[in-house]
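In the part that follows, the structures are each spelled out as structure tokens.
In the two complexes that follow, chain A is the common piece, with chain B as its partner first and chain C second.
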Partner chain A sequence: MIKKVFIFVLLLGVGSIFLSLSDNFKEQKELKGIGRYYAENAADELGAANLVTAVVVTYRGLDTLGEVSILFLTSAILGFILSLKKTGSEDDKQVFLPASEILVTASKVMIPIIFIFGAYVFINGHLTPGGGFQGGAIIASAIVLSILAKPESKISHSFISTIESIAGIGFIGAGILGIVLASGFLDNRIMELGTFGTLISAGAIPIIYIFVGMKVGAELTSILVNLKETKNIE
Partner chain B sequence: MQYLTLQNIGFATGFILILIGIWGFLTQKNIIKIIISFALFDTGTHLLLVAVAYIKDRTAPIIDSSVNSANAVNEIVDPVPHALALTAIVIGLGITALMLTFTLKLFKHKKSLDITKYKDLKW
Partner chain C sequence: MIYIILSVFLGLFIMVMAIVAVQTDNLKVAIIATGIVSLFASIMFLIYAAPDVAMTEAAIGSGLSTIIFFYVLNKIRKSND
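Let's turn to the complex of A and B:
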């Protein structure tokens, strides 16, 4: 009872903090500070039509590198924890119920389309809403579908980690090229900026986003595969 | 009626989701439900970030045919909170995946998802 009252009081307190926060919030009438700088200069400086992409990939590119490493850390810790007890119990096979025919047939049609859509989303990250993380998540969703349709199939861990390593090295390599050829780490002006608003534009942003998309897709896939391959309880 | 703006609706939804999340992880006993509460909390913060960025009568920070690129600063919303929301989503995903993994391990250990059965670190 005391616990319930305490929780109620806590929620009431947090709620009143939120109420006064939103009451005191002054609606923005125009862009200020760093947001204004990005809106005024990002299109000319970097040639990216999607300003969020310009912020994420170039102005705050180091943060994106951090994000990708957090995802990598997650998948590494996950693989470590889940594989602690794998040795010694290799002979007991996982048993799967067969997938329904509708799922199996539909997955054959859908998986290539989902893959292409994911690639489209991360290649067009500098023009349209979307980018590496979203595209990678879409590609991982295609893997989910294939795992659901064919639960007994094995996805090679070394293949996933090869893609992940190539993408990671490419990402860092593009960043270091920015130090050599342009003004700093992860600068996208190592190539011609191209015509504003076309697919081949915004310097290295599409290339970096392709690497990010591959890396995120591979990391999410490895999380899924690790979770799937843990032995059934009992 | 002057309170019923798009921004206030965003704030209200975000704050309510956060409150539901806090209520959820304080009261629920099932570990999976606690993880869902954390995910709700996450979603609330994302909505808040987008609501903070909102400016009335403006469009998304993507310069295309609907935005005059010379006058972009007066036609788009703030891009910085949007970039922060992207970061927050990725971190949220990592946290959720880790929590689910630990749950799997806990379940293998005691065959129970009830958080009250785990008293090893309770004092």
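Let's turn to the complex of A and C:
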């Protein structure tokens, strides 16, 4: 009883904090400060039709690098902990139930399409909504489908980590090239900006997003593959 | 106007699903309810003109994390039986 009263009082307290927030809320009719600068100058400076991409990859590129590193750390820690459970019981094989006929047949059609859609999302990140993270997640969901349809198939860990390493080195390399050739780390003006709104435009943003997409896809895939391969906890 | 009504309904539905996810005893129901919360949150983001966030939420929040939860539940359940 006391516990429930305490929870109720706590909820009231949190609610009163948010009440003052919503009371002071005023609708902003126009952008202010740095947001205004981004909205007015991003298209001319960086040549990206999608403003969000210009902010995420170039103006706040260091934050994207941080997010990718956090994801890498998560997948590395998960792989480490799950591989501790794997050792010692190599001899007993995992038994898989066969997937249903509909899933197997549909996966043959769907997996290439999902892969191409994921690649489309991150290559067109500077033109349409989406980008490296979204494209990588879509590619990882294609891998989920293939794992569900063919549970007995093996996905090579060295292949995943090779792709991830290449993408990571490429991302950092493009950033360092920005210091040498343009005005700072992760600057996209290391290449010609090109025609506004075409596929090959916005300098290095498509290249950086291809690396981010490959890296995120590889990291999420490695989490899934590690989970698939662990033995059940006894 | 229609967007306001739609977002109010979506918000109420998200709250109901979140309470279901916390209160239910069945773990499968809880996982599905969490996935539905993410799915409807992604529609909310789309209404508020943030398609980039909506794509991330739909792909990671309602797709991948639901699958990962089910994987882990499956692993734990077999050892408990």
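By definition in this document, the second predicted complex is superposed on the first by the 232 of 234 C-alpha atoms of A that agree within 3 Å, B and C clash if a C-alpha of one lies under 4 Å from a C-alpha of the other, contacts with A are read in each partner's own complex, and residues count from 1 in each chain.
By our rule, a residue touches a chain if its C-beta (ideal position, glycine included) is under 8 Å from a C-beta of that chain, and two chains touch if they have at least 3 such contacts.
Keep in mind that this is a model prediction, so the values were computed, not measured.
In the superposition on chain A, A:81 contacts chain B only, with no contact to chain C. With both structures placed on the common chain, the touch criterion links A:101 to neither chain B nor chain C.
In the superposition on chain A, A:121 makes contact with chain C only, not with chain B. In the superposition on chain A, A:138 makes contact with chain C only, not with chain B. In the superposition on chain A, A:230 contacts both chain B and chain C. Once the two complexes are overlaid on the shared chain, A:52 sits against chain B and chain C alike. In the superposed model, B is the one of chain B and chain C that contacts more residues of chain A. Once the two complexes are laid over each other on the shared chain, residue contacts for A:25 go to chain B alone; chain C is not touched.
Comparing which residues of chain A touch chain B with which touch chain C, the overlap comprises 50, 52, 129, 131, 133, 223, 227, 230, 233. Those residues of chain A whose C-beta lies close enough to touch chain C in the complex are 50, 52, 121, 129-131, 133-134, 137-138, 140-141, 144, 220, 223-224, 227-228, 230, 232-234.
By the touch rule above, chain C contacts chain A in their complex via residues 51-52, 54-56, 59-60, 63-64, 67-68, 71-72, 75-76, 78-79.
Within the complex, the chain B residues that touch chain A are 7-8, 11-12, 15, 18-19, 22-23, 26-27, 52, 54-56, 60-64, 69, 72-74, 76, 78-80, 82-83, 86-87, 89-91, 93-94, 97-98, 100-102, 104-105, 107-108, 111. Those residues of chain A that touch chain B in the shared complex are 4, 7, 10-11, 14-15, 18-19, 22, 25, 27-31, 34-36, 38-40, 42-43, 49-52, 54-56, 60, 63, 67, 70-71, 73-75, 77-78, 81-82, 127-129, 131, 133, 196-197, 223, 227, 230, 233.
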